[in-house]
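Next come two complexes, and both contain subunit A; in the first it sits with subunit B, in the second with subunit C.
For the complex of A and B:
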């Protein structure tokens, strides 16, 4: 698939490319070329459907890996157009002029990863309500700490004990009993 | 312009599985503006999976969608298999098709119950839920669970089919097939049902592909798009079936598409019974659960669910956890990009029936 497609993408810097089977491929371009490539693929290469925008947080590299998954009308080819966006608040241009469903995908990106979307008309609460904490899908968001800081643990029943502590106590009791038995024998 | 009033429709809706609110501006009974609100069911599954091994994540993914969990299991399993380079046996492929088509059939019965409920039809919902329970009995026999199965696992399936299962399945299919014409008589050919569904919730064919609509929604406006045919997976390329379409694009067209798909699922299941290899391994050799490393790489997998194309984007980073699993069910686009403009001009009493006819499943929107 890429063998046929790549020679037609004149002027685009393809940083990385992966072919998965005959019908699926991924190409990565710089952020500045993303929207011109998406527009070209839609207008001239038959990738008319935007199925999703996926984001993976590569915190160790300081980037978000964005993947725009495109399909042809016959759904005989799937292309993931990717770019790396800085995690430090770099803005993303909206894809709504190309696909109206990008509106909802981008609202989710904004809420879950904190990515600013320039040109988006309705960024606001999506799944979360009044969220002021770190966007929860970022890697630095600590789910356990958030729960411990936000919610109180219920006391539970009397037998609601720490299993590891109970095992430790039982082992100690066994040891003490064995030591006592040895002492008696001696 | 008349003065409008604002109401919140939902989060509970007749016939819709899950919670989602619609903010409606009404001029009398006519909707002039509709806004979808979600946030009642966000369970953070995608985040949880980033800290779960394969076997731990496997028990989570089925819970993403209540009425039809199995496409989630299939997507997850196939994604891991693609990343880890696992090959599954022919028998496992056929067993998975069996599970997925049974899931489609029971989901369509559940839709039938919901669609009937949304227009005040009393009989068909009871019949449909009853028929669905016979299918759930088989699921319980095969997997141990009625609704959540946790059965389709990377490398194959969790256990082999019980003795005599295919005979019992065949008997059930005969029974279901025999009773389907009764549904035509009472529901699909019913004048009142036609009056409620025809001309309501008409989807614009011209924007259907570009906007990413799928399932009965896109096939109801004359476009034969189905992942099973477009990008065959498992054993679908060895099975004969048709992709039913209708051209009117309204709620009734989607109902007829689903009705025809029920017949096609029965047809596929009969072929599965005939063609499934009688013996063979059901699970390929896997690493030990705690040493199951997901290689670095990414993939995009799709399964055709009863509501449309169900997609997963998955990225591995060479550890035992997935770096990212993004779920994209058909309901996300159907509940926002499609539903909001579709409701403008509709009557308040038609809101629930339009939502059911689009197959909107709020749990898969929020994950």
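For the complex of A and C:
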């Protein structure tokens, strides 16, 4: 699939390419070329559907790995267009002019990762309401600490027993019984 | 062959149906006993599902388990409902709606917490977006544990609630009114500036006049 496609993408700097089987491939481009490549793929190469925009937080490299998953109308080819976006407030250009459904995907990116989307008309609350902390899907967000600070956990039952202790005792008893039986047999 | 002395699961339902009829309720006067009997036999449940537990409400209400035998039936709006079933995990965003619905319900009103998530967070104990103890935010009359509890367990919870009503035990709403500052402080702690408008509990500002 890439062999046929790549020669037609003149002028695009393909940083990375992966072919996974006959029908699925990934290409990575710089953020500046992303929007024009998406437009070209939609207009001229049949990738008319935007399935989703996936995001992975590569904190060690200081980037977000974004993947626009595109699909043809015949559902015979899937292309993931990837780009690496700086983690520290680098803006992403909106894909709403190409696909209206990108509106909600980008709102989620904005809320969960704190990525500013330029040209987006409605970057409001999406699933969280009035969230003022670090966006929760960023990896520096310490979920457990946040939970311990925000909520009060219910104390255990007073007769609460350590299950591991009980299991260990039962195993030892079983082992001792088996050893005794072996001793009898010998 | 396996014999059991007592009924199990759905076999208990007939017994449960008849049990509450034979209650003495000695500590209540005749009129209170009559009122309690009316109340326990017509529990309108708000048709509202918060988490995955809402899936258990369908077989409960429809022909398979037929909760209407117990006088339990769905209500369309909070103002017509007596019982609010919190069916599973409660996200902060949903909590706000639940508080509003609860405050709009007319007293006497009851809350049943369904599933482990309402008791201690359940499998969402380390989720940033779900509350861990429901009774910190609204008063809970009855907890039904399990993940998920079967409709039979829910029926048992309802029957236990009916017995409480018959015995004249004050509903959780009395607790809510008495400790409103504590409840509101807890709610404010998770909702922040996003608190629901306070006209649904305006008795609080009107000097306790409901």
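The rule is short, and it goes like this: the second predicted complex is superposed on the first by the 158 of 186 C-alpha atoms of A that agree within 3 Å, B and C clash if a C-alpha of one lies under 4 Å from a C-alpha of the other, contacts with A are read in each partner's own complex, and residues count from 1 in each chain.
Keep in mind that, in the parts below, a contact is a pair of C-beta atoms (placed from the backbone, for glycine too) under 8 Å apart; a residue touches a chain by one contact, two chains touch by 3 or more.
The structure displayed is predicted, hence computed values, not measured ones.
Visitor: Quick check on the superposed pair: does A:151 touch subunit B, subunit C, both, or neither? Answer first, second, both or neither.
Guide: In the superposition, A:151 contacts subunit C only.
Visitor: Looking at the overlay, does A:114 come into contact with subunit B only (first), subunit C only (second), both, or neither?
Guide: In the superposition, A:114 touches no partner, neither subunit B nor subunit C.
Visitor: Of the two partner chains, subunit B (first) and subunit C (second), which one does A:136 touch, if any: first, second, both, or neither?
Guide: Both partners, subunit B and subunit C.
Visitor: A:127 in the overlay: touching subunit B, subunit C, both, or neither? Say first, second, both or neither.
Guide: Both: A:127 reaches subunit B and subunit C.
Visitor: According to the contact criterion defined above, which of subunit B and subunit C contacts more residues of subunit A?
Guide: B
Visitor: Does subunit B (first) or subunit C (second) touch A:31, or do both, or does neither?
Guide: neither
Visitor: Both subunit B and subunit C contact which residues of subunit A?
Guide: In subunit A, positions 127-129, 136, 141, 143 sit in both the subunit B and subunit C interfaces.
Visitor: Looking at the complex, which residues from subunit B come into contact with subunit A?
Guide: 38-39, 42, 44, 46-48, 50-51, 82, 207, 209-212, 225, 227, 230-231, 297-300, 302, 309, 311, 313, 315, 323-324, 326, 328, 332-333, 336-337, 366
Visitor: State the interface residues of subunit A toward subunit C in the complex, per the touch definition above.
Guide: Subunit A residues touching subunit C: 127-130, 132, 136, 141, 143-144, 146-147, 150-154.
Visitor: Given the complex with subunit B, which residues does subunit A contribute to the contact?
Guide: Contacts found on subunit A: 18, 20, 23-24, 26, 48-52, 54-58, 65, 67, 69, 73-76, 78, 80, 99-101, 103-104, 125-129, 136-137, 139, 141, 143.
Visitor: Show which residues of subunit C lie in contact with subunit A when the two form their complex.
Guide: 92-93, 96, 119-121, 125-129, 131-133, 136, 189-194
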